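Single-structure report; data block below.
Going by the order they are written in, the chains are A, B and C; count residues from 1 in each one.
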Amino acid sequence: MSRTIPIHLDSAGRGPGPAAAGSPAVRRMLIGLALGFAAVFLVLPLANVLVKALGKGVSYYQTTLSDPDMRAAIRLTLAVAVITVPLNLVFGLAAAWAIGKHSFRGKSLLITLIDLPFSVSPVVAGLVLVVLFGAQGYLGPWLDRHDIRIIFNLPGIVMATVFVTVPFIARELIPLMQASGNEQEEAALTLGASGWRTFWHVTLPSVRWGLLYGVILCNARAMGEFGAVSVVSGHIAGLTDTLPLQVEKLYHEYNQTGAFAAASLLAMLALVTLGFKALLEWRIRRRYERGQRAAPSGRMEAGA
Amino acid sequence: MPATRFNPLPGFGLTMGYTLVYVGVIVVLPLAALLVRTLDLTPADFWRLATDPRAMASYRLTFGASLAAAGVNALFGTLLAWVLARYRFPGRGLVDALVDFPFALPTAVAGLTLADLFAAEGWLGRGLAMAGIQVAFTPLGVMVALTFVGLPFVVRTLQPVIEGFDRELEEAAATLGAGRWRTFRSVVAPTLLPAVLTGFALALARAIGEYGSVIFIAGNKPFVSEIAPLLIVIRLEEYDYAGAMALAVVLLAISFLLLITINLLERWSSRFRR
Amino acid sequence: MSIELHQVSKEFGGVAAVRGVSFRVNDGELVALLGPSGGGKTTVLRMIAGLEAPTAGDIYIRGQRVNDLSVQKRNIGFVFQNYALFGSMTVLKNIAFGLKIKRWGRRRRAERVAELLELLDLCGLENRYPHQLSGGQRQRVAIARALAPQPSVLLLDEPFGAVDAKIRQELREWLVRLHSQLNVTTLFVTHDQEEAMEVAHRIIIFSTGRLEQMGPPREVYDQPANEFVARFIGVMNVFESEVRGGVARAGELEFPAPGRPDGDRLRLGFRPYAVQISADPAAYRYPAILRHAFFLGVVMRLELEMPSGLAVRARITKEEYTQLGLAEDAPVSFQIRQFRVFSRDDAAPAAETAVS
């Protein structure tokens, strides 16, 4: 159970159980109902984005995306992701090493704190930054005197994004590091490896796919975050509008096609994320099946 | 937080220190600042701000629509999870992959496409309008958006439980002469229930804080289709910090309650798993 | 002296796992740490490696006190119970890992790896990943990896625990051969007394964190220091007896106990092979019924029941069984050639007494 989208492996190879073996009418009804629901809530929204974005032809799509404000929004979105993801990556690795490889009191409390941003409304996340750094905020007057602008500026947008994406990489890595145990690292130590070397050559390779998945999820959320960023952005065209904010702005300007063009870029991001997840699941399954085949066969001949 | 046991792996102090500082600065401190700032208000002021009629209307909508959406998901999400876990049919892989789509899709895009689908001239809105049902710009639209964003939570919570379910138990029930419905009710359902509740609570928690996907489709009419997170944004834009904070604290308190509930549910639910 | 422990103790959260243990392992020796699971053997091994810190006491490797020396600097080879092979590296890279750390040159490294692949019968598997290997192969890769940087001692935690019974036998013989080739000081943990007896030069027996006895296999078998050791190494008949007039009695069984005061309670034990048996009910001192005879290959295990219901286990060869004309449920008689007195507190060593 996860608050993100967990890597999920089918119970491959299990045949249909007694429930599936039963009456074909019930089976068809259940599948029909489920697919109807999936069509309305999954397939149609996706199809709609793609169709509407290209509704006025590819050339209009191109002009919309070459609009300077749109380009600025794309650049800002990329910049936010480029700053946010490494910050949460380093944090995720540190937290996973401390939590996954060591035992200490208060571990579950710390995990709960890391999970907190999942439970906080993005709007509230934006608000707390305004309370801290806004004109009437705690640090507002001091920042004003030193001519530092955080709210309605890039730092505020980054902070809001970092807040909402804190758990993503850490929560992928912690269970992985916990599950792989400490023995491989201990083995490296007995062979004389330093802590760093052990981490780079033993720990990191063993969690690399989970790490990559966490980065992809974190990136998707960082580029797509709307609520928290909306509160701290100030919506200054060409300066503090990210791509998702641009979608809203165009929508309110009754520029449907423009809104959908911007949205289609983000939808693409979502599809890439899902594609990567599918790839990862496929890899793990393949590796698992290979392991299954290799292990019980006992002694294997060389070069087989 | 000292390590409770000797561990030859180095770096605990460094990584732990960094983790605590990071979580402290990024998560805990800002949230604490909000709570402390709210203490500036007198209890009477807080109460007035947190319960003014427009705020009350927004809570009603937020919780009502969130509960309804989580309910729909608990029902249809369970069905979808069941079908995906138990049956093989063409297109299954695609639907399975798409279950995560609402989570991966930025909320603004979700809002945009749902608003468009259910608008009077949209693919779905047209048919519904003929039936006299208006979805866009009504509380019903809010519920539709919240159902969309909550869907993956229920399905992904249930799917592994259904897959890991011991088929032998069902078979044993069948050999004892239990009918299929009876088997489902007395053997399958009790095992599924904790997971369904967990999925429901996760979807509910997500729905209550949801903003981006809702504001496009809701129409945002005060007292009618204005959700609580939106009211926070409106108060902020009016420079009514106190009003915004009072609402935010109420939302935060509910989020924490749900977080605790979810943790308890997960613990309960994991007892049923091997 | 390759390894020396001096009054080493270890507590986990106030619970003692190892209590005041002292022993030595000589250069080139092959020693088993034997005991039931949870007895603290693995903790001792991990303390020697530096993966665990002792609460009290000193540990020496090659005469140097290593308490404050980090794992990395102890120059030990450690083979983990589940091998802990690096999953993301090939067999070759696993074995070469320690050499790279120690900054061996490329050519020397290649030579050493080739030598170990040969020695451990791993040729042809260089480019496999651990998940593509069988249990026995993983085991050998783990040993090769530990041996590669020429450690001063080799430590193995339950080296045969994770492989199935047939391969286990192969691996045992193979470890003995390997040791006689390399002569590296080796300490291994096991809970299997047969394994320890077969492989080790000396056995160190542990229970609940305490060292019970240390000595060559023959010695701990023939002269167990206490009841725990006696029961753990092989089978023993143990009875509670009471002294009356210089004779200790347990049911019909009587043992000489000169000088013991009346009312003294003694625990007495004798090995099944110390029971001499005859099909003639009057041949020996104690009459009994032969309840069951279990065929265990060359030897037979017999269960005798005395008139009082007391059960005694005996062990004879198959030939003896046929020669003596024994049969199940037939009356027999027996006598006990040797027995052992265990003191109540298990502290004083027990002497073996012959009964004429």
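Things to note:
We adopt the following convention: a residue touches a chain if its C-beta (ideal position, glycine included) is under 8 Å from a C-beta of that chain, and two chains touch if they have at least 3 such contacts.
Quick caveat: nothing in here was measured; it's all calculated off a predicted structure.
Chain contacts here are complete: no pair of chains fails to touch.
Compare each chain's C-alpha centroid with the centroid of every protein C-alpha atom shown, and the nearest one belongs to A. For the pair chain A and chain B, the distance between mean C-alpha positions equals 17 Å. For this pair, chain A with chain C, the centres built from the Cα atoms lie 53 Å apart. For the pair chain B and chain C, the distance between mean C-alpha positions equals 57 Å.
The residues of chain A that reach two or more other chains are 186, 189, 194, listed in rising order. Residues of chain B in contact with two or more other chains: 4-5, 8. Shown for chain C are the residues that touch two or more other chains, namely 50-51, 70-71.
Residues 4-6, 8 of chain B are the ones that touch chain C when the two sit in their complex. Of all residues in chain B, only 1-5, 7-12, 14-16, 18-20, 22-23, 26-31, 33-34, 37, 76, 79-80, 82-89, 91, 95, 97-110, 112-117, 122-124, 147-148, 151-153, 156-157, 159-160, 163-164, 167, 170-171, 174, 180, 183-184, 188, 195, 198-199, 202, 205, 208-212, 215-216, 229-230, 232-233, 236, 239, 241, 244-245, 248, 251-252, 255-256, 258-259, 263, 266, 269 touch chain A in the complex they form.
Those residues of chain A that touch chain B in the complex are listed here as 1-6, 8, 10-11, 14, 16-20, 22, 27, 30-31, 33-35, 37-38, 40-46, 48-49, 52, 90-91, 93-95, 97-99, 101-106, 110, 112-125, 127-132, 134, 136, 138, 159, 162-163, 166, 182, 185-186, 189, 194-195, 198-199, 220, 223-227, 230-231, 244-245, 247-248, 251, 256, 259-260, 263, 266-267, 269-271, 273-274, 277-278.
Residue ranges of chain C in contact with chain B, taken from their complex: 12-13, 50-53, 70-71.
Chain A makes touch with chain C in their complex at residues 183-184, 186-194, 197, 201-202, 205-206, 208, 287, 290-291, 294-295, 297-303.
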